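Presented sequentially are two complexes of subunit A, the first with subunit B as partner and the second with subunit C.
== the complex of A and B ==
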């Protein structure tokens, strides 16, 4: 890719970002309701786990770990999530992709701009809710003070977001071959919910599942970024960082392959 | 509502169910996948409860209570997601695009037509799974369930499902006042998840909220409690249905006054 192409893509992305943020600003209640829905699931988990521990439950992690994890999980889930598959599938099925194919920039720029702009707006709405949740629990929160850990956290977040975006492209692109991918998307969301650690921390899942949970990709989108803040030793994270990077590379390569193969089958409206 | 309207409404609803079944038979592979996904969603919902319960070993009564709660929750949410929530999820869009006009001109109650016409029969798979869980729990834990307790549970599960649907509808009807409130459906669906955990895990204040203002427990843990200990008078169940239904009817009327077709 030449410097000119990069500059042009960057310029289009900025324009799209501006456009997206202006549009999102019109739907303030939508944004607030969306963020409230995101925080409800970890809030329920937080209430029941703390309640169960107060009644004598004995999970393999401390109360502080669980509280910190479940306070952070909504922010991490939101920042690494992607919702492109449904729209991409619709664009391909209805032939709307044509408009992007003839433009001198990436066909995925609009989706990337939408993803980034919504995340900025969502973060602005979600953070006050998370702070409101964290204030009464501040005695039980254990966040690291080492800046290196926070850099590692941001890196893991970016990697997780890239991986989830790539998965979205893969699922959306399946429409090149199938008429409808809503059920596939539903299954992916299910796997994501269960295996990412968004509902239950992976560290409290049965010990026998450990090898599988460490190998599957979804945990590297939610549980692993939080683990970069909560692990006692930074050295313990090396293996996780390597596996996460491998999954990201694999997801990017697969997304590119599926997209290129799919485009060969595309024939405009009615494809 | 007079007798003729009631008859027309019943006929329309039966035809809507038939149409939904025909649609699912037409798109069989998708229907099977949605059926499996529906059961998968149930499993994803149950796992956190089972994992949590597995660590709560000090109280043996918690295991049957959790299993029954999950079973009742599966049945009630299966019914909700088959008949009510698909329509509620589309309501925001119906207001914004003026699609509600089509419901207003039909010779059936508008709220009924706007909300209850989107039926997803595959979601009933969850009811089957929930019933299996209930029977399995009763056999595994050797629970001596009396017919009266089963009746009380069924009545409370129905009343609870209606109460939660009206709570969900109250949130969705906010679409009459704000530009777009679609994610409120996700909020209602997420909050409903409280109902699959035994109530004693929640702090006292939240327990009260879960059976009153945001009655998620009424569609899961509360009817399950009645199965083990049918102590609460059944009289309260119709009262809850009437109060929650009246509140929704009031919000609906107020909202409809504000509605002015596609440009609202």
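== the complex of A and C ==
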């Protein structure tokens, strides 16, 4: 891709972002309700874990670690999540992609703009809720003060988001071959729920699962970015960054391949 | 109507173009559905078979055919949406299936049944996105939006959210979006579908103006023969995935071989003999339409004066609807 193409795509992305934000602004109550629901799952986990520890449970991590992890998890899950698969599959199946394919612009640029714009808006509504949750727990929160750790956290977040977006394109594009990808999407959501650390921190899972949990991709979307802030071991961090980068590259390459191959099968249903 | 630019490379050049769709047959009934869980039957449909077509720059052609004839598939291949299964296709000097920037920035598509405008924002916002996509300078953008606003009569509604526009207004705004980057080739697929008579006339007039003003080549697909008659000089009829007729509307009428008709208007209800009532193509309270045969017109008029007080008569060509119905029925033959 030439520098000129990158500049043009950047300009289109900015225009689409501006427009997405304008549209989101029209649905502000939906946004607030959505964020309130997002924070409920980690809040329940937090209360369950703290209750269990108060009654003598002995997890392999400290109470401070768990509290900080579960306060951060809703923000991280939201920032790395993607919701394109369902819409992409529907657009392909019903032929709505036609309107995009005749334009000199990637279809995925619109989905990326929607993803980014919604995240900006969601962050604006989610952060106050997280702060409200953190205030009563501030004594148990341990966040680093080193800016380098926060830069690393942002990098891991961006990589996690890119990976999840690519997974979405892969799953959505499968509809070029299959009529319905709902089941695949459900499996992915389930895997994400169990293996990303969004509900239960991976560090409290059985030690024997360690090698599997470190190799699978979903943990690099939620647990790993939080791990960059919480007492990382230098070796673990380097290894984690390398595995995350490898998953991102693999996901991007697969998404591109599946998309290009799939487009050859597109039938553009309807007019 | 714009005329083709002589000596220039054709805008569309298709030779032996074909497209086959493969899909699994859906068996009938519950038992069929259960059987298909174990074994599915792959079937193929040849939507386009050996199409040859040349469209010159500045032409305005009508691509017509009955449902399932393959015309939409042809347009989809020409606009890069579908990959042909055989033959050669060059549009604006490019292979459409490659979907290169150079190709996509030269074409535009209006889907009468699918919106290109973003629904929740104003037309101006949609135009701004296209400005970035097609790399239009600020100066050119302002000039073109001003010109199109005037031409299409949409200056006042550019800042209205698209969802609040009437269908006629939305179609005009769709046209503005499609023309912002001054495409060399415009595919207009059912551009007047769902519009009232006045809005249809406006859209037709606009397409004519665009063809004249910008020299834009227009490929029109429509089931509305009024659109075709009003806009195109050249008609390509597609049946069974092939071009079975390629010529002017006059040639098409001649090929159909339907004689002209005479419309007789009376001051009061005429007293028509039973054989005339039976032969009438159409009859109203004060008029009757008869197919002209071999008999001299003078003789017919003399007879017509005996049926009532004749106040007017007109000789009319067969309507394109009638012609198409006959052509589709016969399958048509390439002249």
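Remarks
Everything that follows uses one rule, which is that the second predicted complex is superposed on the first by the 264 of 271 C-alpha atoms of A that agree within 3 Å, B and C clash if a C-alpha of one lies under 4 Å from a C-alpha of the other, contacts with A are read in each partner's own complex, and residues count from 1 in each chain.
In the analysis below, contacts are C-beta pairs under 8 Å (C-beta built on N, C-alpha and C of every residue); 3 or more make two chains touch, one makes a residue touch a chain.
Everything numeric in this text was worked out from a predicted model, so none of it was measured.
By the touch criterion defined above, A:135 lies against neither subunit B nor subunit C after alignment on the C-alpha atoms of chain A.
Shared-chain residue A:3: touches no atom of subunit B or subunit C.
Of the two partner chains placed by the overlay, only subunit C lies in contact with A:12; subunit B stays clear of it. In the overlay built on the shared chain, the residue A:266 is in contact with subunit C alone; subunit B does not reach it. In the superposition on chain A, A:205 makes contact with subunit B only, while subunit C stays out of contact range.
For subunit A, the partner with contacts to more residues, out of subunit B and subunit C, is B. When the two complexes are overlaid on their common chain A, residue A:26 makes contact with subunit B and with subunit C alike. Contacts of A:235 after superposition: neither subunit B nor subunit C is touched. Residues common to the contacts of subunit A with subunit B and with subunit C across the two structures: 26. Subunit A makes touch with subunit C in their complex at residues 5, 8, 11-12, 14-16, 19, 22-23, 26, 95-96, 98-99, 101-105, 263-264, 266-268, 270-271. Residues 26-27, 29-30, 33-34, 36-37, 40-41, 44-45, 47-49, 51-52, 55-59, 180, 182-184, 186-187, 190, 193-194, 199-200, 204-206 of subunit A are the ones touching subunit B in the complex.
The touching residues of subunit B, counted against subunit A in their complex, run 27, 30, 33-34, 36-37, 40-41, 44, 47-48, 51-52, 54-59, 174, 178-184, 186-187, 189-191, 193-194, 197, 200-203, 206. Contact residues on subunit C toward subunit A in their complex (touch as defined above): 21, 72, 76, 79-83, 99, 101, 104-105, 107-109, 111-116, 118, 120-121, 125, 128-135, 189-190.
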